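The following pair of complexes shares a single chain, subunit A, combined with subunit B in the former and subunit C in the latter.
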Partner chain A sequence: MNVIPLFVAIPLAAAFFIPMVSQKFRWVPDLLGNLTAFALLVMAVSVIGKKDVYIMGGWAPPIGINLVLDGLSVLMLITISLVGFTATLFSIRYMEQYTSKLRYYSLFLLMMGGMNGVALSGDMFNIFVFLEIASVASYALVGFGCEHEELEASFKYLVLGSVASTLILLGVAVIYGSLGSLNMAHVSRLIVEQGMNKALYFSLTLLVMGFSLKAALVPFHAWLPDAHPSAPAPISAMLSGVLIKVLGVYALLRISFNVFGMSPLLANILIWLGTISMVVGGLLALGQWDYKRLLAYSSISQVGYVVLAVGIGGAVVSRGDSMTVAGLAIGGGLFHLINHAAFKSLLFLSSGAIVYSTGTRDLRKMGGLKDRMPLTSGAANIGAFSISGIPPFNGFWSKLVIIIAAVQARYYWLALTAVLISVITLAYYLKLQRHAFFGPASENNRDVREVPLSMCIPMVLLAVLCVGMGLLLLPGPRAEILQPAVDALTMGMKYATVILGR
Partner chain B sequence: MGQKLTPGDSRSNLYNPQLGMTLIVKTVTRWVKGFIFLFGVYIVLYGHLTPGGGFAGGVIIAGAFILLTLAFGKEAALERMSKTVASEFDSLGALMFLMLAWLGLYFGGPFFVNFIQRNLPGKRFHLFSAGNIPLCNIAIGIKVGTSLFMVFIILSVLRVVVKKGERRMVQMKRRGE
Partner chain C sequence: MDLMLYPIVLPIAVGLLCLAMPRRVKGIVERTALIVSITIFGLTVFLFSQKPLHWMWDANRFLRLDNLSGFVLLAVGLFGFLIVLYSIVFMRDKIYSNIYYAYLLCTIGIASGIVLANDLVLLAVFWGLSGLTLYLMIGIAGAGASAAAKKALVIVGGADSLMILGIAIVWFLMGSFTIDRISLPVVGLLPVIAFLCLAIAAFAKVGAMPFHSWIPETAEKSSIAVTAFLPASLDKLLGIYLLARITMDLFIMDKTLGLLLMIVGSLTIVAAVMMALVQNDLKRLLGYLVVAGAGYMVLGLGTGTPAGIAGGLFYLLNSAIWTACLFLSAGAVEDRANTTDLERLGGWGPVMPITFVVCLVSGLAISGIPPFNGFVSKWMIYQGLIELGRGGDGLWFVWLVAAMFGSALTLACIIRLIHATFLGQVARMPDEVRDANSEVSPSMWLPMIVLAGLCVVFGVFAYAVPLKHLIIPAVPGVSYLGFWSPGLATLLIVVGVLAGVVIYFVGRASNVKESEAFIGGELLREGMRVSGVDFYRTIRDFGLFGNAYKGAERSLFDIYDLGGRFLFYFVQGLRRIHSGILPTYLSWMLVGFTVLLFVFMG
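Moving on, here comes the complex of A and B:
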């Protein structure tokens, strides 16, 4: 039995099963949610290094729907299921603060199923459908608390997210009108045969705008600093950790490298979007006093790094320069993507733990939590060091690779900007540590206690990952996980031949 | 089942003159509601032979309940299908559809393969033909019918009440019950 369709089927089945049985048994949502997330993690680990094309219902690709498992999809599946598993584990106690846990787990698993679908789909329209499943579930989850601020953020997210979906749907429709096909491999082949025309450039513009809105790159970022802090902490971790990457960055990379083909113009657009997000996100984060809002702005900045690195890789590919440099840049970007998933979800979970214990998100009201909550503050400090690029941690290695690749591709100014923004990142995380964990304890926090064990375990797990993920650059693990993902992008338009098999 | 309710009996919202629209609308609705429901079921069951299918039929089934809500008020419709039941059927329809897809895997084909058609093909243009497509239509019909009804009910939770000249929104139910 093939495991690929189960990545979508299992979370959907669990999402619909939970509300049916949970009216009677209160413990079912926790158990089923965690079991499903764990099963997905096991399945994602079991497909490492595999490549496959799955044809749904026995209808061959240009007409039927296919699921594509390649290196990049595997990387995304592992990221989704890892962060998803830690977030569900964290939710057991954290979500006790809210009512109707069954709806929470149901929506959470719908969101995971949608993201797995986006990562696996080989069909433009199916990407849109799965993207909508994940987005609609996330709109509801952002407003889950039903307080004034949360509903406002959710509504803002809903409006901008719907604009993004509309742009994407319009782009897909223009592709279909122009080429008569929706299968990504087939579209890619038709573009190679017929060349680009004006309608396809229009469609590419719409798709880049739509996916940039989903990824919250800077001219399109307005919804993120409201939506991510307002959600419950495990959802913030999922949104910042994987949702913007899978719905935004992954889809953007897939269409720009494998469907439309990298051109110097598109590479420049990616580089500019990345650089502006990196700079503006970093500078805006400096002035924040809300713990979660600071993390949200920092997400914009770090996703900027990813897009910048991949844009540099695309520029090198489209110039026809050495593939080693392109591979280095794209590899650095993808490595930063998974690293960011690990440390940003860790930081958001720690923010949840602090809100759970102290009841505030304001940095000025914290202080001295180092002694009161040793595990949380230890994990959060590791996360902060990783994201600002202190040597032994994973963030250092990915930023180093990105900067080396930028220098080798002769983008010296971009390399300098990346270093400067890294310093700024360090600055605002030092501010966070100084005000939250060190310094004198404030009056409010006299009798603050450490969070329960089931909330500590996911944070410790992610902290261990932050320390250990630098090992992925060693030749062995690199050939298993990172290199296939890089190859999937650098092979460019050969994608069609690989998928269609002729 | 049970005893027959007469007009004016306060036990049924169906005959409560305080709720809903005028007597004309109520009478006509009482006549046609069953036929609309049956027509929806027909569209679902014959979806593989005639125009229509699970979604269209489901919308018509939901239309029967929405007509009840409009004519008699929300309470009368919820008497026929409560929120819990609708929510259960909503999940059930989706699960049924997924199980049909899964059975394809179980009978040794790809996900979503038409396993019935492969093993025992029926006569063309008969009711029992086209393999598992009618079953998929039934699942979609249940899902769409109940979830559209739920959407309508949830939209009607906020009700505008005019009282002594002032208009105010009254939230009828709180979240998370």
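Moving on, here comes the complex of A and C:
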């Protein structure tokens, strides 16, 4: 039996099954949620290195629907399920503070199913459908606490997100109107044969904007600093760790490299969006005193890094320069993407642990937590060192690759900007460490205790990943995980031939 | 495993092991640290005797020990051992000592890695790691030091990012990461940027201006053993090692960049010494002297003449010795007096004779008084400058004056320091200290005596021992302009001192009038105390200096604070437009969409 459809089917089925279970057994949702997430993780690990196309119901594309598993999708699936699993584990105790765990897990799994669907889907319309599933679930989860602030954030997110979704739908419709097909491989082939026209450019504009909003690239970022901090911590981890990357970055890269084809113009747009996000997000994070808000702005900045690096790779591809340099830039970007998933979800989980113990998100009211919460602070410090690019943690390696690639591609000023922003990143994460963990202990925190073990385990797990993920750059693991993902993008319009098989 | 890997792997492995140890086994951790550090020191001596060495991996020369890295490695081993020895007693009462030894050992391993690395990426990794351990070790002193730790890592770690950029450019131009295969002329924009990036990394590490501001702060706030080990000795060694490596090996220098180095060096010397002059805290004062020392080395390397470079490197070795020694004696004083405020110190000389003598010797050494090592190394730097002048450089005189001026002011600082701490009127001492024999324990004064002894030996036998075996092999083509014969000079100095003693006693036999001590024409009354802290206060009354000091107090010369203020301006602006109003956000989207549409369709 083919495992590919199960990535979508299992979480969706579990999402609908959980609310039907009787409320009498309170541990049932925890168990089911965690089991599903764990199963997805096992499945994701099992498909490493595989490439496959699954055709729904035997209807061959371009007429039927297909799911595509290639290097990039595998990378996404692993990231989603890994962060998803740690988040559900963390939720067991953390979500006790909220009312309905049934609904929580149900929404959570809907979101996961939607993201898996986006990562696997081989046609434009299904990307939209899965994107909407994940988005709608995330709107609800952001407002899950039902307090004033959370509902407001959720509403803003809903409005801005819906605008983006609508634009994406319009973009999909325009593609269908002008090419008569929605299968991505087929569309790609048609574009190679017929060339771009005004309608397709219009559609590309709509899609780039829609996905940029989902990826929270400046100036489409405004929803994120409200939504990510307001959500419950494990949801913040999911949103910052994977949602913006799958719905935004992944979809953006897929359509720009494989469907429409990289052009210098498109590459420049990506580079600009990435650079502006990197700078603006970094500067805004510097001024924050709210632990989670700081992390949220930092997400904007870090996603900017990813898009910038991949954009540089795209520019090299489109001008037909050395594929090694392009591979280096894209590889650096994708590596940073998974690294960011690890350390940002770690940091958001740690914010949850701190809120759980101290009841505050304000850095000025924390202090001295190093001794009170040794595990949390140890893990969070590793996360902060990673994201600031300090060796031997994973962020250092992706930073290194991105800077080297930018210089190789002759984008010296961008390399310099990336370096300067990394100094700013270091500054605000050291500020966070100093005020939360190392600085003088605050009066309020005298009775603070470490969080329960089931909340520590996911953080420690992610911290271990942050330490070890640098090993992915070694030749063996790189050929298994990163290189197939890079190849999926650098092959560009050959995507059509690979998928359609002709 | 190759022997060259041991100084890197062994301390790091043991250090990580110590990190996992529970607090109960503190004694074992201390002993392990001591044994490992002795082993590493022995190993570095052995490796030094075997040089040149290299270690290949996958056809790349990853590690290399040549004449330059040889003596730096030796110094790393020596300082590691001495600091561990000193810490055994100094850190005894502090609960964090397990972590402290873990970090200390890791730092030794990382420093060996930097010195041995022959691959730029490897160098960058170790460089970043050393910044991390610096941060962690400063932070060990507790909550009070967390701000200083943050500042140190922002500056050092930020410079590390620039270093990566420099390395990326070098790779782009040369296609290689292997240091001994690279030789890049500094001509054109890219090589200059690459050079500046790497030089800034070195500047931040040694604290050359304008990247100096973390050092005085660290010296004041963090534990003295940490300061003596890291900013005062190890970071100096590593930073100047990198600077020497890039100026001598990696890049083919040109005149302008040498000029830049000399400007940075002279500015650092003069400004840091001026700041040291008015400090009221023993540790902070020494911190500024550390910064000034960095200036001499940068100046020496900037001359580009063999004598100047050799002088800079010799100064590096010597300054690591004397600043570590000064900090360790300051630590001994702090251990007894529980304060480092010069105002509240005084009269500790008779109570702590060993510390006093050691501090005096290293103080005279740093001021460049013959026959100590400071004189020889400064003399060599001056020679380098004069040689530069003969080569047709018109500005050599400026640098020479700056260096000599700095030297004189350093002596002034040291006199004030010695007076306020060890001489002068007796300050209030803790009761249990005053009566007993208050010298610190042998494991604390032993490292101090070793270092002070080195100050003397490296001065008196400068040409016979350190220069011949350590420095000259590392710098090709050194010739001496003026030969200074330290042995004879020492003899003359000793004879002169003896003669003075004889005259003193003979003169005393005849008529000497003694009276009560008085100050400003008035006899001292009971309870009145003049600490000697205000020796040079009048310097603030000069218009130019006064303004400079006021600026420094408002940290106008601090790149960290300035950068913070500059960015704050942008941050405030950006925060103001993030008003949280939905229609505003929607309008941004619209603007973004319009721009995209224009770009794609236009």
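Methods note: the second predicted complex is superposed on the first by the 500 of 502 C-alpha atoms of A that agree within 3 Å, B and C clash if a C-alpha of one lies under 4 Å from a C-alpha of the other, contacts with A are read in each partner's own complex, and residues count from 1 in each chain.
Going forward, contacts are C-beta pairs under 8 Å (C-beta built on N, C-alpha and C of every residue); 3 or more make two chains touch, one makes a residue touch a chain.
Since we're looking at a predicted model, the values are computed, not measured.
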So, does A:Leu35 touch the first partner subunit B, the second partner subunit C, both, or neither? neither
I'd like to know which partner A:Met20 touches here: subunit B for first, subunit C for second, both or neither. first
Name the chain, either subunit B or subunit C, that contacts more residues of subunit A. C
After superposition on the shared chain, which partner residues are touched by A:Thr99: those of subunit B (first), subunit C (second), both, or neither? first
Is A:Cys146 touching anything from subunit B or subunit C once the two structures are fitted on A? First, second, both or neither. first
Between subunit B and subunit C, whom does A:Val45 touch in the aligned arrangement: first, second, both, or neither? neither
Touch test for A:Ala9: subunit B only (first), subunit C only (second), both, or neither? first
Touched partner set for A:Gly58, first subunit B, second subunit C, both or neither: first
Where on subunit A do the contacts from subunit B and from subunit C line up? none
Which part of subunit A faces subunit C closely enough to touch in the complex? 155-156, 159-160, 163, 167, 198, 201-202, 204-205, 208-209, 212-213, 219-220, 222-223, 225-226, 265, 269, 280, 283-284, 286-287, 367-368, 385, 388-392, 396, 399-400, 403-404, 406-408, 412, 415-416, 419, 422-424, 426-427, 430-431, 433-434, 438-441
Flag every residue of subunit A that touches subunit B in the complex, lowest number first. 1-2, 5, 9, 12-13, 16-17, 19-20, 23, 54-58, 98-100, 103, 146
Partner subunit A, residues of subunit C touching it in the complex: 121, 124-125, 128-129, 131-132, 135, 139, 143-144, 146-147, 149-150, 153-154, 157-158, 161-162, 164-165, 167-169, 171-172, 190, 193, 567-568, 570-572, 574-575, 578, 580, 582, 584-586, 588-589, 591-593, 596-597, 599-601
Under the touch definition given earlier, write down the residues of subunit B that touch subunit A in their complex. 84, 87-88, 91-92, 94-95, 98, 101-102, 104-105, 109-114, 175-176
